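Common to both upcoming complexes is subunit A, partnered first by subunit B, then by subunit C.
Now for the complex of A and B:
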């Protein structure tokens, strides 16, 4: 009698409970903390589904970076809610919002109910692609991400850049080009400085390591990049470094490097291997690692910029 | 010899789990945030340390053993520092 089914059932109950508590939590900060816990539990669920790559991403992005993003957003909402006098939504608006939400829920439920019993799967094709073009890589997930569904992977990074552009655009016209406000306004506590000084070098090393082993083991560009992003955020929180001005050349180059290199290599594939985003099999591994290096750079630059927010009105002296 | 190693592993992991349970009980039962923080930080660090000790004989090579110890060290540093930060925030009465 194995104990694992009981762990699975317990985990499922816990995930649903924490998800519900996230929704029903009254206080914003408590809801965010609950959401972070939900993300970590979800990472365990992915591990139980034998998907350590997804688990790593969920823990780093879904729980870690999104958590920081939400906490920062919540902090910015506090002064806003004090200054504006909120008008109660009218009854019509409430009824409309409620009906709309119910409709969306029904549509989602119906979509799940009408799913064919044998779900359409791209897994066999992906497996073929992974053993074909990505044969040099020990980790089939990375092979599928960069080789089989390369276009999707590239577009994901472009979405990230668009998000950064959107965040920057929220700032006023006069602020354009300035640096975002510091992640913590007050002088950082000595514990924070100590933590950043100890953790940032080690975390950077681990981030690069996770990216590098991603070719042959669970890990990869997104997971490694997210760790590097977290380390940069930590250094900024401890005031070890300032957020850069948003018009500096190196930041913009870092942001577009991933998708740009991906596109160039993809176009080169037309001439070298006969089709867009095709790699010559003998060179697949070095090419994939080359693309991923720039992907890591873009992710490590984009995520902290999302958290740092729009450029500040007053330029940092 | 293997019996002794197995015994050591079982004892270390069981005692480690006990510290986790004790920390959780403290988190639920202690009256205020500072004492709860104390229970959590102490118990989890020792608990994880003992579980790591118990897992060490299972590691395949020195590098894997080093990684497991590194995980414990990272938790020690970050756990200890964040406990200090939360404690400071509590004393200055911001939350």
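Now for the complex of A and C:
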């Protein structure tokens, strides 16, 4: 008898417990920390579902980068959680909300248990796409992302840029064009600086590797880009580099490079392969890797800018 | 019970906890945490659809998985905008609350 069912059950209990602790924890900061732990545990659940690509994304972005964002925000906001004049929710509200949430969860669980035995699947269509325009790619997820559902992936990059524009616009009028506040206000510990000096070159290499193998194995532009973004953030936290001013040209070019190249190649497909976002099969793999290179650049630029937040009021001397 | 069904039930439980936190927790950052919990629960339910939809020689259906990857990135982008809004709300009003009555109180004591 295999031990896997027990691992599954143990993992499920652990994930639900840690998720509950993010909700019921008294301290704000403790809740944020358990959210990060929860994201990492969830990555294991994804691995058990035969989804290593999703697991990598969840660990890197869902837990890692979101964790940095929330911990930075939490540290800024923790002193303020005492100054809020918020009334605690009444017992009636708690009971009502608890019943409502339990009902929704039970309905969802019941729906999952009675799913039809003959599951609907887009896998055959995706397989056709993967052997057609996505030819030469061994990883079906990458084939779907860049070939079968390429328009979604392109629009998602535009969502990232829109989010960066939104975050920048939330700053005050006078701050426009300045650099965002430093990710870490206090002077970094020497250990932190050393860690960043050692880890950033290695992590950059691993990020590029994950992007490169993504054509044939789990990995890809999102996961690799997120790792490069993490390395940049680590360098900023150790004060090895400053967050750039938001009006410098190289930053803006890096942000739009991914979607712009994707769109141009997509339009070129109209003339070269007969339809929008179609690639000539003989050139599909080089074209897809070309698009992904610029997408990695855009992701690596956009994620740290989203974490760094709006531009700072005072210009950095 | 299969791995997929178990993961689906975990997803359902996550949605339940997230929904409760979203309603009950007063702090906006905690509401954001709860909302992200609902989001990852929905992704997990979507993920078991990918697991069950194995066909055409794949051990899983790659289309929902690719959409979940897209979804995780978009959820992060939305969280970043939310954090920026919460921070601006604090620097404008001096309070971190969604209760409009608190905003009308002058926050000048903080500045003086």
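Miscellaneous remarks
Here is the rule we go by: the second predicted complex is superposed on the first by the 274 of 317 C-alpha atoms of A that agree within 3 Å, B and C clash if a C-alpha of one lies under 4 Å from a C-alpha of the other, contacts with A are read in each partner's own complex, and residues count from 1 in each chain.
The rule we apply is simple: a residue touches a chain if its C-beta (ideal position, glycine included) is under 8 Å from a C-beta of that chain, and two chains touch if they have at least 3 such contacts.
All figures in this text were calculated on a predicted structure; none of them were measured in a lab.
Contact with neither subunit B nor subunit C is seen for A:264 once the two complexes are overlaid on the shared chain.
After overlaying the two complexes on the shared chain, residue contacts for A:306 are found with subunit C alone; subunit B is out of touch.
When the two complexes are overlaid on their common chain A, residue A:95 makes contact with neither subunit B nor subunit C. After overlaying the two complexes on the shared chain, residue contacts for A:62 are found with subunit C alone; subunit B is out of touch.
In the overlay built on the shared chain, the residue A:189 is in contact with subunit B alone; subunit C does not reach it. Which of subunit B and subunit C touches more residues of subunit A is settled by the count: it is C. Of the two partner chains placed around the shared chain by superposition, subunit B is the only one that A:199 touches, whereas subunit C remains out of contact. By the touch criterion stated above, A:31 is placed in contact with subunit C alone, subunit B being left untouched.
Of the two partner chains placed by superposition, only subunit C is touched by A:108; subunit B is not. Common to the subunit B and subunit C interfaces on subunit A is no residue.
The touching residues of subunit A, counted against subunit C in their complex, run 4-5, 8-9, 12, 15-16, 19-20, 22-23, 28, 31-32, 35, 38-39, 42, 45-46, 48-51, 53-54, 57-58, 61-62, 65-66, 69-70, 73-74, 76-77, 80-81, 83-89, 93-94, 97-98, 100-102, 104-106, 108-109, 112-113, 115, 119-127, 130, 140-141, 143-145, 148-149, 152-153, 156, 159-160, 162-163, 166-167, 170-172, 222, 299, 302-303, 306-307, 309-310.
On subunit C, the positions that touch subunit A within their shared complex are 3-21, 23-27, 29-30, 32-34, 36-37, 40, 43-45, 47-70, 72-81, 83-88, 90-91, 94-97, 99, 102, 105.
Residue ranges on subunit A touching subunit B, taken from their complex, read 189, 191-192, 194-195, 198-199, 202.
Those residues of subunit B that touch subunit A in the complex are listed here as 70, 74, 77-78, 81-82, 84-85, 88.
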